[in-house]
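In what comes next, chain A is part of two complexes: it sits with chain B in the first one and with chain C in the second one.
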Partner chain A sequence: MFQRTYVLRVALLIVFSMVLGCSKSVRYGDPKGIETVSIEFGSTDLHKVAEEMTRSMLVSQLVVEGNRPLITVQDVKNLTSEYIDTRAITDSIRTELARSGVVRFVVDEEAMAQQVSELDRQQDGEYYDQETIAEKGKMLGAAYRLEGSIRSIVKQSSDVKDVYYKVNLQVWEIRTGILEWSDETDIRKIRD
Partner chain B sequence: MCDVTYLMLLRLIGIFVSACVLGGCQSLSRYEVELNQVSDAVLSGQLDDALGLHERRHVTANQLLYFLEAGELYWLKGDYDQALKLWRAADQLVQGWESLARLNTGLITQDVGSVLINDKVKSYQGYDFEKVMLTTRIALTHLMMGDVASARVAIKSTHEREAIIEGFRERQALLVSQEDAQKSYRIEDLNGYPVETSDAPELSGLRNSYQNAFSHYLAGFIYEQLNEPSLSAPGYRKAIELRSNHPVLRAGLMGLEERIKRPDDDGYTDLLVVYEEGLSPSKISIEINGLLVHNGDITYVPFSVPAYGARSELPQPSVIVAGDVIEFSPDIVDIDLMSRRSLKDEMPGIITRGVLRSGLKVSMQSAADELDDSGVVGDLVALAAIVTESADDRSWRLLPARIGLGRVLMHRGAHHIEFRSGSSSRSMDVVVDGKYMLLFMRRVGAQWYVKQVSFD
Partner chain C sequence: MRSWFKQLRYLSALGLLLFLVSCSFMGKKNGCPNGDVVFVGDLGDIDIVKVSCIPKDGILRVLVEIKNDDDKERSLAYRFDWFDEEGVVLGREEAWKPVYLYPKEVKTIRGTAPNWLAADTKFLIKE
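Showing the complex of A and B:
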């Protein structure tokens, strides 16, 4: 009996080892489908934040007035311990707003170096038609700046993990310092 | 005993003998002894000799360990291309483990050979902290080559790897807790085991065995250089969470916004000093008599388990830049401690396999005795069982024992920098340049290995 059990265990291990040889296939998924692979901030959260914030901004007084305000985008501060690329959030919001045509965006701090480099290249180069080159000193200053933050509260017990994210965005009028628009959205994910 | 069981045992004896032959040198040799000459050469600064000695082991060595150790030797030598090539090869093997870890729980730690012969027959998959250190090493190498974008790719894969390990270990822990109800073995159950070496109070201070503050701090440093504060901040924040009482780590997060806004041409360089010391600890194999209780039968079965020696105290190092001692934290990562924690975490599995293996060897010997009246076959099986019983002492030995960090904003230009560690010291004149700079220093024995790179 004693020996038989060991023999069976070893046989089971051999079977398990063979099972491990199986591989999985690759398939395409819906980019906007609900992703629940892990509890970390993921594509579904990104879409949710971008869509809700864009919808909110599109009905705000800032946009409804119809004068296509000039906005510059600043960083959304990541105040969590998770590696969340918040530029993906602001990029999505900017794309949606730009697509709607109700606001315009000017070069932000991140892209400024490339903008200046391109201006310099056109000015310094002898290869361009002087009538078509972009003049220096014609860039428009933004009237508003978009910024925000993402925070999280993480609670964990031996078998449950609860993560709460709060994303807050604001649009400030640069000249006056007035807060023109602000909204927030929250996400709660539980893994058990 | 029925004929079928006899037949199966006979086959097992056949498999056992075959496995002994096939497992051969690797299953019988001691890794520490194998690597002794290599580590001695490193300690005396003879890196070419160390590489030559290590190269000779290539045929018999485990592939992953070979790549890990060889990469470290080339890295110390300053041959970054070759180090990257070897570590990428190691990374491919670890990615194979990751594919299985995404699908399975405890199964990938099982291996038929480890139940029949010893744990060294098990393919070496690397400890979790070694897997994390591997991509960190790759990121560091890209940085030393001045390629920050590639360093970003490598450090990002470190986060992904940590997530895979976390998920895998959580599923495994769940499995173990279910098994607990039946009965699982603990290190405390072993009579004669040096429990104190795996039960240091600092062990409980580690959140887990695989995450280290240096990897996350380095992530913060890399993202900061690429002007990505939303990714840099969590890197510094995670480093603080993992090692909370280190001013250098706190300053990394607190000064982030100010550093990001600092103009490129202000005449200052943000100097990050990475200081590594020693070699990761080696394991020994000790023989234990485990108590096997099965269906009411009590049997004492001898088997081998790995253990670490007592922790050796390393001297408190200091870094003096232009005559001033800079803020420096010498033990941001304590690999010695992480190794002990890893072993402690793996011990229940090691003991279970050891008891199972010893029981199986006892069964095979009894069957052989019954089949062969002369007792010759039984004696041979018993001899093979004793000779092959040895604990798995493999690990990435050329990793440092600990990693420290210092960071200081310096005027660009030539500066005198001195490192002191115990009675040993190394001083040098360094031209500090670029918006950021990385100064790497590794002390192994009396040898100092120095590297530096500037970033605009």
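Showing the complex of A and C:
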């Protein structure tokens, strides 16, 4: 009985060691480094798009020192055939612009429900100091809206895959409907 | 009369001081004082032809002319670091961005500062 348990334990130990031996090691990488693990839209592409578009907007006529226009953001439309988290593109662009301090953002369509809910909570609740609650009707309307799209052209043969991405962003003046700024950037990735 | 001259002398001195101060600030804004280029690792036949800093509407813009003297195409990565007037790094580190060069090609890489505080830059390039 003792021998059987002993043998079982040794066998388990061997199996465990083999599993550990076969598993791949984990290491930290540079989050801003060039990533070429696969041909799909990746972190390098996301950083490139966000940086290029933000910097382009910074030197446009839209942003004049001190005017800090109010902008609302709409998600970048994914018009490619692959799944791309376009919210990540939108968020990165907004964060970069907010960090530069040259524009201000108002609540976008997606966050509106939460904003209204918080206003209602403060107004309706009897737990808040009436002098500190946020009044309704004081939210500022955006002067501009930012929108964009990402498209791709994919070519594939038996041993080569070529993907071309084109990201286009536009800023429209809401009151007049004038296109105030637009730019595009492209990325080409080849797997062979 | 003498007091009027004295006042004029003070005003002239103040004007000259203001002029010199504004000139010194303008000097820092025009172009990048250092505009360093850093090769991360051995890049072989890759040369930097020219680095130009052009401030426009208060935002520092940089043009880096890079030449591939190699007979093969090269796939490299670059980024800019940005510094304020005191030499402190601005914001977070930029991401490395890919750049593709044909044999003997000269390419101009454009960089734009992340905000109005940038007064200097460093261009980093690697394989």
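Rule of thumb we're sticking to: the second predicted complex is superposed on the first by the 169 of 192 C-alpha atoms of A that agree within 3 Å, B and C clash if a C-alpha of one lies under 4 Å from a C-alpha of the other, contacts with A are read in each partner's own complex, and residues count from 1 in each chain.
Operating definition for what follows: a residue touches a chain if its C-beta (ideal position, glycine included) is under 8 Å from a C-beta of that chain, and two chains touch if they have at least 3 such contacts.
These numbers come from a predicted model, not from an experiment.
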First, second, both or neither for A:E110, with chain B first and chain C second:
first
By residue count, is chain A touched more by chain B or by chain C?
B
Can A:T86 be said to touch chain B (first), chain C (second), both, or neither?
first
Between chain B (first) and chain C (second), which does A:S38 come into contact with in this model arrangement: first, second, both, or neither?
first
Once the structures are superposed on A, label A:R121 by its partner contacts, choosing first (chain B), second (chain C), both or neither.
neither
Per the contact definition in the header, classify A:K77: touching chain B only (first), chain C only (second), both, or neither.
first
For A:R68, decide between first (touching chain B), second (touching chain C), both and neither.
neither
Which of the residues in chain C come into contact with chain A in the complex?
56-59, 61, 77, 79, 91-98, 111-116
Contact footprint of chain C on chain A as seen in their complex:
30, 32-34, 43-44, 47-48, 51, 54-56, 58-59, 64-65, 96, 99-102
Under the definition above, what is the set of chain B residues touching chain A in their complex?
1, 5, 8-9, 12, 99-100, 103-104, 107-108, 110-112, 115-116, 156, 159, 163, 167, 174, 219, 227-231, 233-235, 237-238, 241, 294-295, 297, 356, 359-360, 363, 366-367
Chain B-touching residues of chain A, taken from the complex the two chains share
1-7, 9-10, 13-14, 16-17, 19-20, 23-24, 38, 40, 75-87, 110, 159
